[in-house]
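The same chain A turns up in both complexes below, where it pairs with chain B and then with chain C.
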Partner chain A sequence: MEFNHVHKSKKRVDVYEKVTGRAKYGADMRFPDMLYAQTLYTKYPYAEIKNIDLDKAKKQTDVEAIITAEDVPNNKFGVIIENQQVLAEDKSLFIGDGIAVVAAKTAKAAARAIELIDVEYKELEGIYDPLKARKEGSQLIHEENESNQVIHHPLRKGNIKQGFLESDVIIKREYDTPFIEQSYIEPEAVVAVPYQENSTITVYGSIQNPFATQGAVASVLKEKLNKIRIVQNHMGGSFGGKDEVVSSMAARAAILALKTKKPVRLVNTRDQSIKESYKRHPYKMKYKIGATHDGQLKAMQIEAVADSGAYACQTPFVTWRSVVQATGPYEVANVKTDTYGFYTNNIYTGAMRGYGSPQVIFAQESLMDELAEELDMDPVELRLKNIYHNNSITASGQKLDSHQVSLEEVLTKAVEKSDFIEKYNRYKKEQTGDKKRGIGLSISFRGCSLGAEAIDAAGIILSLKKDGSVNLYSGLAENGQGLKTVYCQIAGEILGLDIDRINFMEVDTLISPDSGSTVASRATLIGGNAVKKAANNLKNRIKKFIAESYEQTEDDIVLKDGKIYGKKSIEIMSIAKMSSMAAMEGVCLTSYGWYVSPEISWDEEIGQGNPYFTYVYGCQVAEVEVDIKTGEINVLKMTAAHDVGRAINPANVKGQIYGGVMMGLGYGIMEELKTNQGYIQNTNFDEYLIPTVKDMPDIDPIIVENPDPDGPFGAKSIGEPTLELGAAAIANAVANAADKRIRSLPINLEQIIVGRKLSKGGGQK
Partner chain B sequence: MKKQSKGVKDRPRISGKDFNQYKYFRPKSKKELIRIINGFQEDLTIIAGGTDLLVANYQKLYEIKNWLDLNLLDELKNIKMFDDKVEIGSMVTHQRLSKLDQIKELFPVLHQAAADVGSPQIRSRGTIGGNIVTSSPAGDLLPPLLIYDAKLKIISGEGSRVVDANEFFTGPKKNILKKGEILEKIIIPLKEDIYKGAWIKVGKRKALIISSISLALNLSMDRSNLIKKARICIGSAAPVPLRIKTAEQAILKEELTKINIEEVAQIVSEKISPIDDIRGTAKYRRQVALNITRKALSEVMNQ
Partner chain C sequence: MKINLTVNGEKREVEVKPQTRLLDLLREDLDLTGTKEGCGKGECGACTVIMNNELVASCLVLAIQADQSEIITIEGLNCQDELHPIQKAFINKGAVQCGFCIPGMIMSSKQLLDENINPTEAEIKRGLSGNICRCTGYVKIIDAVKEAAHKMKSRGEDDD
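Moving on, here comes the complex of A and B:
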């Protein structure tokens, strides 16, 4: 198929404003009389709040208002379970809980006032280990519940006992992963403006999901949705991280704005951001796998326990994705998987790029290599024997028959391009010197979009102007991933317009169609289909108008290069001219596209059904050099093969691969938010280490394209798959290099030399 | 040596308005500097590159009252070569130390350590003087200075004194500097010996990283190729950068190829007193001290 605008590495439409500094971010917003707010956080992770004395703080000059939980109309919110406190009421449940928020004329005055608030606490003994929280009879973090369990997702397939009976080899392993910070470069920022136009409150800011924030603010303020307006500014990154924490900040700022009748700005420092924003879930996983001598997988039994921290947040859905993907992309007849989330007094956990998959992939892809070793088989061969193909049946009983199952293709391409087999065998032999090389791989299948989490639909409005230019209003948001460009390309392809004629408007809940959240690598797939629909609706109206006015048949009419062509490809007129004529004739030039994803199903009791309507497949290969005398790991090269359906913008796809590989590398060898009894020990980037440009390996991206029947021009997902594979591939490479299997992330110097971590995330002292 | 890009020169100077209740001094000469120290009674905070100071006072810079900025003191930015010594002004940046050929030739360990500091941004602002006065056990230039027997010239209103770098550090972020004293320069003696040296920095990533442990080694050989003087110093594994004198003694007068590497490594690993912190456990540091001592000694053997 020939394309003019999609399938091309077009320059990003938002690049100019970003590199020139013209782009406005949340913290850049300024309004007359704007006040500066600051939050006072709890002193103890778990404590009773006996008294809050605001007197001294209120008397400070320039202080205009102070709020505590008492001032919050409805103090508990949440997308799935409403139990997150906007401000701590009777108790603080984790170290980032807010106690009070001050609004003052200057930031300095707000900071000073914060220091003058006297809080009387009664420190309580908390629970900081999900396995402890799980124990029957342990004290309840949320007293209204019967236990500390947030959720349990079971999955049952076949007969697990029989499966292990039929196995010749059975191995059992335990793996664990730490808390991870999303590490967006721009800390959270919101400005709430009261009574702007017809809205009670308007919130501007670094908001990943404007509709989720709208819902949260409306519920907290007990106000109607149509009175709450959220406008998204440019985002300095999010990676799943600017949802609930920003909603909570938006609600706090909104309450202060209504109280003072002035705009209120609430912007976090990095320390505040790390302390109050939710993290990626730490998992403790137990895997048991059985196979025949020749490598046929027979049974898999999995238990994964996630630390939800103080609130439910996204735990029910994060652990649901884990239950679907926990076995990896392998056909296993007998499966018993249980994933759980438990409340603790740790920092709460929520969405982060990958969303419940990087943890289980680290475990299951490490396990496959361990099994291969046990069977004396090479890791590629073992995988090839068991991977999904067309019409395979997944662990949840879904038959993969709607799209090309390209696992073998991505695996083979990555293996060949990286020279895996030759290197794997060479590195396995005794190596001289302190620096040992190793190579490892991992593969995955990943459900695209929300799946059975929620209704999956999105809308787009296209408005063709009289000069042939177009405004595009989307409910899904640019979070830095390149969405604006991709949508402009899809609309441009159908309307025959250059992308510079299409203007993607910032998401504004006043106009944009509620399309759910920009999460789950769903925006190109779901929103892209909506763009296609809206553009086709508009195109059909144009065709009809031209056919009627110029004695053409609609079938002959083609929109291309900004022009309209008719019978025998004769140019009729420019789209610009047509637009002004059609407008004068009263043709509606605004169109709506609404896309609802194909049907899916899920039986929560047994974990069976068709959880996602399509999947993507990926394989990453890591080549490393381990200094066995210092423990230093040098990741030399990552080869990443990903099936994206169709690359709407190949340069963008590569960008996602480079970025995701780097985040996966950080997850693999250095990132770890350290906690001790609920206190966070590394609250800034001097001690919370993420990879620098010097740590960046050579990255070889391989884009695999098998257009999906349900994707716009065949496109599927790329954002999250790129991150979920790296840690597992690196773990396998380290094992190949140093003959040392490390089952606990991050695989840092300590672990290579002394085989343990400085402190376990979430563990006891 | 002075190369200032246009952008830097054109930047607006700090204006007196920002400091209306307090003082901001920027002396242009040593004379003026001494006059300020002598004439000003209140607390003065000295700022060089600011890369430690600004981080330590993050979000509470306003608490610093009176400033003494050394950045216009060109005299402190000199590197002077003499027959028997090299003098490095305290305001010399890591960037210059890591780029100068003379430094590379004469003090390769110092040169390499300077190149390992932070990132280009940090190296181009951070100074050797700031590194010394901060006195962090993890300061990367400190082990190299100790193995080269550096001396520090300290000036004050009352005069000046010269101390051994090895006597300067008294604990984590603690040193012998008194109120009103300023580190003027670092003096490194030169001998006609043949030097063999090694620098190893171990950290959790490849740049912008505080050392988990570091090692500086310098051996000077006499004509008959026996070890005349040995210096081994470990960073980040004790309250101060630590010279391991017993290990140094153990290899004196030995032939390089006959050093008992194991013995030296054991001594080093025993003499340090590492702690558990965010950059590593004591156990890790002891094990790695052993490993990197072996590594450094085999490296010099092959030089």
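Moving on, here comes the complex of A and C:
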């Protein structure tokens, strides 16, 4: 297929303002009379709030308003379970709970006032371990519940007992993973403006999901949705992280704005951000796997326990993704999986790039290598014997027959390109010296878009102007990933227009169609299909107009390079000219595209059904060098093969791979948000280390394309798969190098070799 | 107190408090919001500007320390509408995702290339080691600096 605008490495449409510093992010917004807000956080993770004395703080000069839970019309919100407090009411449930928020004429005055608020607490003994929270009879974090369980997702397939009976080899392993901070470089920022035009409140800022935030603010204020307006344009990264925490901040700022009748800006410092924003779920996982001597998997039994922290937030859905993907992309006839989430008094956990997959992939792909070792088989061979192919049946009983199952292709490509087999066997032998090399791999299948979590639909509005330029209104939002560019490319392809003729407008809940959240790597797939529909609707109207006015048949009409061609490819006129004529003739040049994804199904009782309508497949290979004297791990090279369906913008796809691989490397060997009895110990980038330019391995991206019948021009997803594989591949490489199996992230060899931690994070220097 | 400084070639007189950081002076008093705050602790590099020909983390510099100084921020890089070669290279190489680290990255790149127009890859990495980026994996940022070096060098040679 010949393309003019998609499948091309077009420059980003938002890049000019970003390299010149003109792009306005949340904290860059200015409004007349704007006030500066500051949040007072609880002093203890779990405490009764006996009294809040605001007198002194209120008397401070320049202080305009202070709110506490009493001022919040409806203090509890949440997308799935409404139990997140906007401000702590009777008790603080985790260390990032807010107690009061001050709005003042200057940031300094707000900070001073915060210090003058007197809070009387009664410290309580909290629960900081999900396994403790799970015990029957343990004290309840949310008293209205019967237990601390947020969710339990069972999955039952075949007969697990029989499966293990048929196995020659059975191994049992336990793995665990830590809290992870999304670490977007831009801390959360919102500005709430009261009574702007016809809205009660307008919130601007770094908001990942404008419609989720709109819903939360409306419910907190007890106001109608059509009175709450959210505007989002540039955002300094999110990775899943600017959802509930930002909604809560938006609600706080909104209440203050209504109280003072002035715009209120609430911007977190990094320390505040790390303390109050939700994290990636830590998991404790137990795996049991059985196979025959020749490597055929017979049974898998899995239990995964996630720490939900103080609130439900996204735990029910995060753990649901885990239950679907927990066995990995392997055909196993007998499976029993249980994933759980429990409340604790830790920092709450929610969405982060990958959602519930990186944890289980780390476990299950480590496990596959451990099993290969046990069977004395090479890890590629064991995988090839069991991976999904076309028409395979997954653990949830889904037949993969709607798209090309390309696991073997991605695996083979990555293995060949990285020279895996040769290196694996060479490194496995005795290596001389302290520095040992190792190579490891991991593979995954990943359900695209929301799946059975919710109905998956999105809308786009295109408005063709009289000069042939276009405004594009989307409900899905740019997070930095490049969505604006991809949508402009898709619209441009269909309308025959250069992407510089298309203006992607800020996401504004006033105009943009409610398309749910920009999550789950669904933007290109679901939103892209909506763009395609909107553009096709518009194109059909243009064709009809031209056919009627110029005695052409619609089938002969082609839109290309800004021009309209008719019979025998003869140019009729420019799209610009046509637009002005059509407008004069009363042709509607605004179109709507609404896309609803194919049907899916899920039986929550037994975890069976078709949870996603399509999947992407990936394989990453890590090559490492470990110093067995010091435990230092150096990742030398990552080879990453990903099937994206079709790369709408290959350069952007590579950008996603580079960024995701680095984030995966951080997950593998560096990052860990440390908590102690609910207190967070590393609240800034001097202690919470993320990969810098010095930690870069050589990254070799391999784009694999098997166009999906349900994707726009065949495109699927790339954002999340890139980060979910790295930690497992590195763990396997370390085992290959040093003959040490680490089952806990981040991989810290120093601890094992020297018996104590020499430096934070596990040795990447 | 009043301080005098030159920002992006323009003389400015600003009233500041003793605790005001250079970052706040730029962002709040002069409304130059291209310079970003990511950590407030000298760790992320988002607030990087050039002060008296040296790279500084403006979150660690007090405004009063900038009295009589010459500051260049991202807004001062492109003259009129012509982009600086580094900005062009960041665009061409697709080095930008969310963009939040980018002003700081570009300022560090500028300083690096002003001092050394022929940097090796290791020197580029050293030059950018104070700037963290969560989105890009740095690969294309390094490519962009290489391209900018190349362009600036040949431009310099053309001028001769």
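The rule we apply is simple: the second predicted complex is superposed on the first by the 748 of 765 C-alpha atoms of A that agree within 3 Å, B and C clash if a C-alpha of one lies under 4 Å from a C-alpha of the other, contacts with A are read in each partner's own complex, and residues count from 1 in each chain.
As a working rule, contacts are C-beta pairs under 8 Å (C-beta built on N, C-alpha and C of every residue); 3 or more make two chains touch, one makes a residue touch a chain.
Please read these numbers as outputs of a predicted model, since none were measured by experiment.
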First, second, both or neither for A:F31, with chain B first and chain C second: neither
Touching partner for A:T20 - first (chain B), second (chain C), both, neither: second
Contacts of A:M670 with chain B and chain C, given as first, second, both or neither: first
Which superposed partner A:T630 touches (first chain B, second chain C, both, neither): first
Contacts of A:T269 with chain B and chain C, given as first, second, both or neither: both
First (chain B), second (chain C), both or neither touched by A:G655: second
Greater residue coverage of chain A in the superposed arrangement, chain B or chain C: C
Which of chain B and chain C A:T692 touches, first, second, both or neither: both
Contacts of A:I753 with chain B and chain C, given as first, second, both or neither: first
First, second, both or neither for A:Y679, with chain B first and chain C second: neither
Footprint overlap on chain A, where chain B in one structure and chain C in the other make contact: 108, 269, 686, 692-694
Chain B residues touching chain A - in the complex, by the definition given at the top: 55, 59, 62, 119, 200, 202, 204-210, 212, 276, 278, 280-281, 283-284, 287-288, 291-292, 294-295
Residues on chain C engaged by chain A in the complex (per definition of touch): 17, 19, 27, 31-41, 43-44, 46, 73-75, 77-78, 83, 87, 90-92, 94, 96-103, 106, 125, 128-129, 131-142
Footprint of chain B on chain A - complex, ascending: 108, 269, 434, 629-632, 634, 670, 674, 681-682, 686-687, 689, 691-695, 748-750, 753-754, 758
Contacting residues of chain A [partner chain C, same complex]: 9, 11-12, 14-16, 18-25, 27-28, 30, 108, 182-187, 234-239, 269-271, 479-482, 651-652, 654-655, 657-663, 684-686, 690, 692-694, 696, 699
